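Each structure below is given as structure tokens.
What follows is chain A paired twice: with chain B in the first complex and chain C in the second.
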Partner chain A sequence: MGDGEDLKSLQAKNKVSEIGQFIAPFLVFGLFWEIMVRSGIANVQTLPAPSMILHELYVLIGKKGVLQCHIYHSFYRLALGYVLAVVAGITIGTVLALQKDLRDMFSPVLSLLISVPTIAWIPVLLITMGLGDKTVITAVFLGGVFEITYSTIAGIRSVHQQQINAARIMGVRGLGLFFKVLLPGSLVSIMPALRLSIGYCWRALVGGEMLSAMIKWGVGKMIYDARFWNDVKVMLVGLIVIAFFGVLLDRIMLKRLEHETVEKWGMLVER
Partner chain B sequence: MKTHKKVKITLQNVTKIFGKNAERVVALDGVNLEIYDNKFTTIVGPSGCGKSTLLYLLAGFEKPTSGGILKDGKLIENPGPDRGFVFQDFALFPWRTVLGNVMFGLISNGYDKKQAKKIAMDYINLANLNGFEHAYPHTLSGGMKQRVSIARALAYDPEVLLMDEPFGSLDAQTRKYMQEELVKIWEKFHKTVVFVTHSVIEAVYLSDIIVVMSARPGKVKAVFDVKIPRPRNYTGEQYLKVRKEVLDYLEEEVQKEIEMNNT
Partner chain C sequence: MTGKGYILSLVPIGGFFLCWQLFAHFGFINIALFPPPTKIFTELAALFHQEIAGHSVLLTHLIVTLKRLFLAATEGIIVGIVVGTFMGLSQSVYRFFDPIITWVMPIPGIAMAPLFIVWMGFGDPTIITVGAIATFFPIAYNTSTGIRSVDNQLVRAAQIMGANKARVLAQVYLPWAAVYIFTGVKLGLARCWRTVIAVEFIAAANWGLGYMIWDAAEYLSAGVVYGGIILLAAIFTFIEKGLISPFEKMTIEKWGMVRI
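Coming up: the complex of A and B.
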């Protein structure tokens, strides 16, 4: 047996124990909760046991097949709003980073906007954008765009002048300079903002879905509608779904992206 | 080796002033200089004599306040791929591998990927970096980074190579090794090089022509022709003689610089 195999099995072992460590507290907590409910200390109506929630999850996915549909609609809005926020944030951020006059003009506005919780926008959006999808997607967009703009400005301005000069003398200018130097050079600041803002967007999404009366589908909507039936089980399933995908988006997608870019390039150490 | 001297770059009464009013600093004051084709020209001077500024003007990163710089009779106004630049702090792109860095200038000058890769590999081998083409810059030592930087600047075959204290941040051992490597590479191409350093030892080892600059404001004080055959010997009789000559000139200027800072 070679050392490589040893290393591989060791890594696999580590992975398993890592997952175990992540799950263990949930098991302990879940068990405690289950006992509290079953022994009658907690009220089943207001706080259903984990086993009931899992059963409800099974019913919603398998028997009724509605949860997928809720998730699908939520993701569609999240994806659209987030992508718009990323594109707009990076574009606006770049322009502001490069144009001092514009930056001086808009950065006070930006620092005001960034401190407004996105959910506070929603009543305004309900009036200006209507009670449907547009409002939710705009809320998602607003949830992320300011953070990304802000970090793009900081990122672009932190790109070493010598790297820009090196590219210029090799004949690169304009858009080429943006895509080949400014953007990769500022990823060290943009990547954490992408991770942070998808969390903000996710929150804005749930809030938007709850408050927009005209939409029927969405995880936020599912939770909100469950209050008509006093159905805490459905609400808790919704919370679990939200938490699960929140972690998934950050850990699986964006953290990986960060690992494959700025971490691999050694740019995090440099800071 | 060519024996005749052909002027490649002419600096005409070049003045560079930074800042305004009270914070005005005259970095270069009426510099007249000719840089010859296929010669290794080194600019030495005390710190703050504007030697790096001069190089930045040649690169087109900065514009002279007055006067003009002509390359082959045409005014230098912008940076462009007819010149290559090697920075003291390397200025590599950390998001590109060694190969990606060296290919950068080739791709942006219209080579297709396959051609660019082939040429880049040649220069990577020339810089003794074979085996490291897929490494990212942050994993390399200072000396290796600077070799990547030199390979990157040479790969797209610029007419003039500008080097701004390229070995300034390296340790003494690596520095000596890099000087020897640079001479070997230069002997192959006989490219026009303008090299900035504050080390006379380095200047005499490398150059055909040494330009000594005066302390602030920067002016050309003396120009030396170094006719010692390469590879040179750091302890050779001729080497030491030229070194002393240059040092005598420079010492005066360093003294002035110190006095200026004291007042």
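Coming up: the complex of A and C.
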């Protein structure tokens, strides 16, 4: 099939040019930066060249093998905090959505809590929970839980009462009603919140790791510790890692999840 | 919210503080870690009345933070709108900046702070710069989306009627993109606020609400920490409800441009 092959090669070409366009600005920027440093206009100590940063990345991963450990600890905290936030957020949200009196009681509390920046909780957590892991995980939890609660309330309230009634008549009750009717019906609202909140959790994680004195590992900690030696290379490697995983978490994991649930079930209204 | 709902809404907050006060009073909870609400209030009041060089300490913290917020937000908004406009008007500028925005936007401001401390030292320059960077991204992104969404026919119509480039920009592109720019500014201000407080934790020299909270946490004076956080929530609610929403009502809502 000549046409098919043409189409395929065209798609491949498009893909290549897309990637090229994506990398180009970084190349231009990096090259400019490299020249600035090599020609001595910028100070190597405070602004190391991209090649040196890449070398540092190689040293941290390959020779010292510490970067993996930092990333592993960060992800452990992120996963624990995020899962707790999802479970708690969806549970609280469901209860508040179904009970009008409770909702009236707690929605002002919720809107008050949501307007406190997550980072501001960290000093409180440091005082009450100590300077270790618990604080960071709680900060991650607080970073995500309010957003998820909020959209779960909105999502469950948007499920048609008729659907709930229909399910009830057919004898679906309790947890069955929740998993078969309410949760799928509210996913359109919950999924974007899950995506947003993993970004919030990631941010809270980095902040928490930087500010908790007793932890040893973590990407945020790596950057913060580098401050004592003014080690700009390590800081920049840390920033690259943070940016990389920030985008990766958002794009690949959650976009895909959204694709496989909401879109597949045909529930996404054209936005 | 109905009348009954309004009264019910006061129950948890009031009940929470009442229980807290009683628990602390009867010694069920550690007062050093959870000082009762009255103590939080008196500590804040003491800080307010305490004076250094004739100025109230609490007010100075507040004013320093607000000044930083204002400068960072202004810088971020201006640069964001300018860069966003160029991104919207020119495809190649867009292609250049889009990947950079995508990758740098998710980096939290506090993570950039150590780098800027090395470059600029502790204090205002670092805090304001990082705050401005955090503000810049959502605004540039939204402005470019807004400009790109302008209907080409409108532009052509204006051009046919003899409008030059500056006029097309000022009277077609920017008004059309106003809703997007506004969304960007709102997001940017929230980010700016968060970032300024966070960076003040680690980069402030002596003043600022973030510094006040952090310093209090290091000395375990929990009252000031809780009080500071209540202040932060109150200030941000005020900025959002008291400044942004009225402005929004006066401009884009009045022009009938909010799509629901």
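Note that in this section the second predicted complex is superposed on the first by the 252 of 271 C-alpha atoms of A that agree within 3 Å, B and C clash if a C-alpha of one lies under 4 Å from a C-alpha of the other, contacts with A are read in each partner's own complex, and residues count from 1 in each chain.
Criterion: contacts are C-beta pairs under 8 Å (C-beta built on N, C-alpha and C of every residue); 3 or more make two chains touch, one makes a residue touch a chain.
Source: prediction; values computed, not measured.
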(request) Pick one for A:170: touches chain B only (first), chain C only (second), both, or neither. (result) first
(request) Considering only the touch criterion stated at the top, classify A:51 as touching first (chain B), second (chain C), both, or neither. (result) neither
(request) With the two complexes superposed on chain A, say which partner A:17 touches: chain B (first), chain C (second), both, or neither. (result) neither
(request) Would you check which partner chain A:99 touches, where first means chain B only, second means chain C only, and both and neither mean what they say? (result) neither
(message) One more residue to check, A:112. First (chain B), second (chain C), both or neither?
(response) second
(request) Would you sort A:160 into first (chain B), second (chain C), both or neither based on which partner it touches? (result) first
(message) Quick check for you: in the superposed arrangement, does A:68 touch first (chain B), second (chain C), both or neither?
(response) neither
(message) In the superposed model, which partner reaches more residues of chain A, chain B or chain C?
(response) C
(request) Go through the superposed model and pick first if A:9 touches only chain B, second if only chain C, both, or neither. (result) neither
(message) Quick check on the complex: what are the chain A residues that touch chain C?
(response) 21-26, 28-29, 46-47, 101, 104-109, 112, 115-124, 126-128, 199, 202-203, 206-207, 210-211, 220, 223-224, 226-227, 230, 232, 235-236, 238-239, 242-244, 246-247, 250
(request) Would you mind writing out the residues of chain C in touch with chain A in their complex? (result) 1-2, 4-6, 8-9, 11-13, 16, 33-34, 95-97, 99-100, 102-104, 106-108, 110-112, 114-115, 117-119, 193-194, 197-198, 201-202, 213-214, 216-217, 220, 222, 225-226, 228-229, 232-233, 236-237, 240
(request) Quick one: which bits of chain A touch chain B in the complex? Just the residue numbers, please. (result) 160, 162-163, 165-172, 176, 180-181, 184-185, 187, 261, 264-267, 269-270
(request) Could you pull out which chain B residues touch chain A in their complex? (result) 59-61, 78-81, 83-85, 87, 89, 91-95, 104-105, 108-109, 136-139, 152, 156
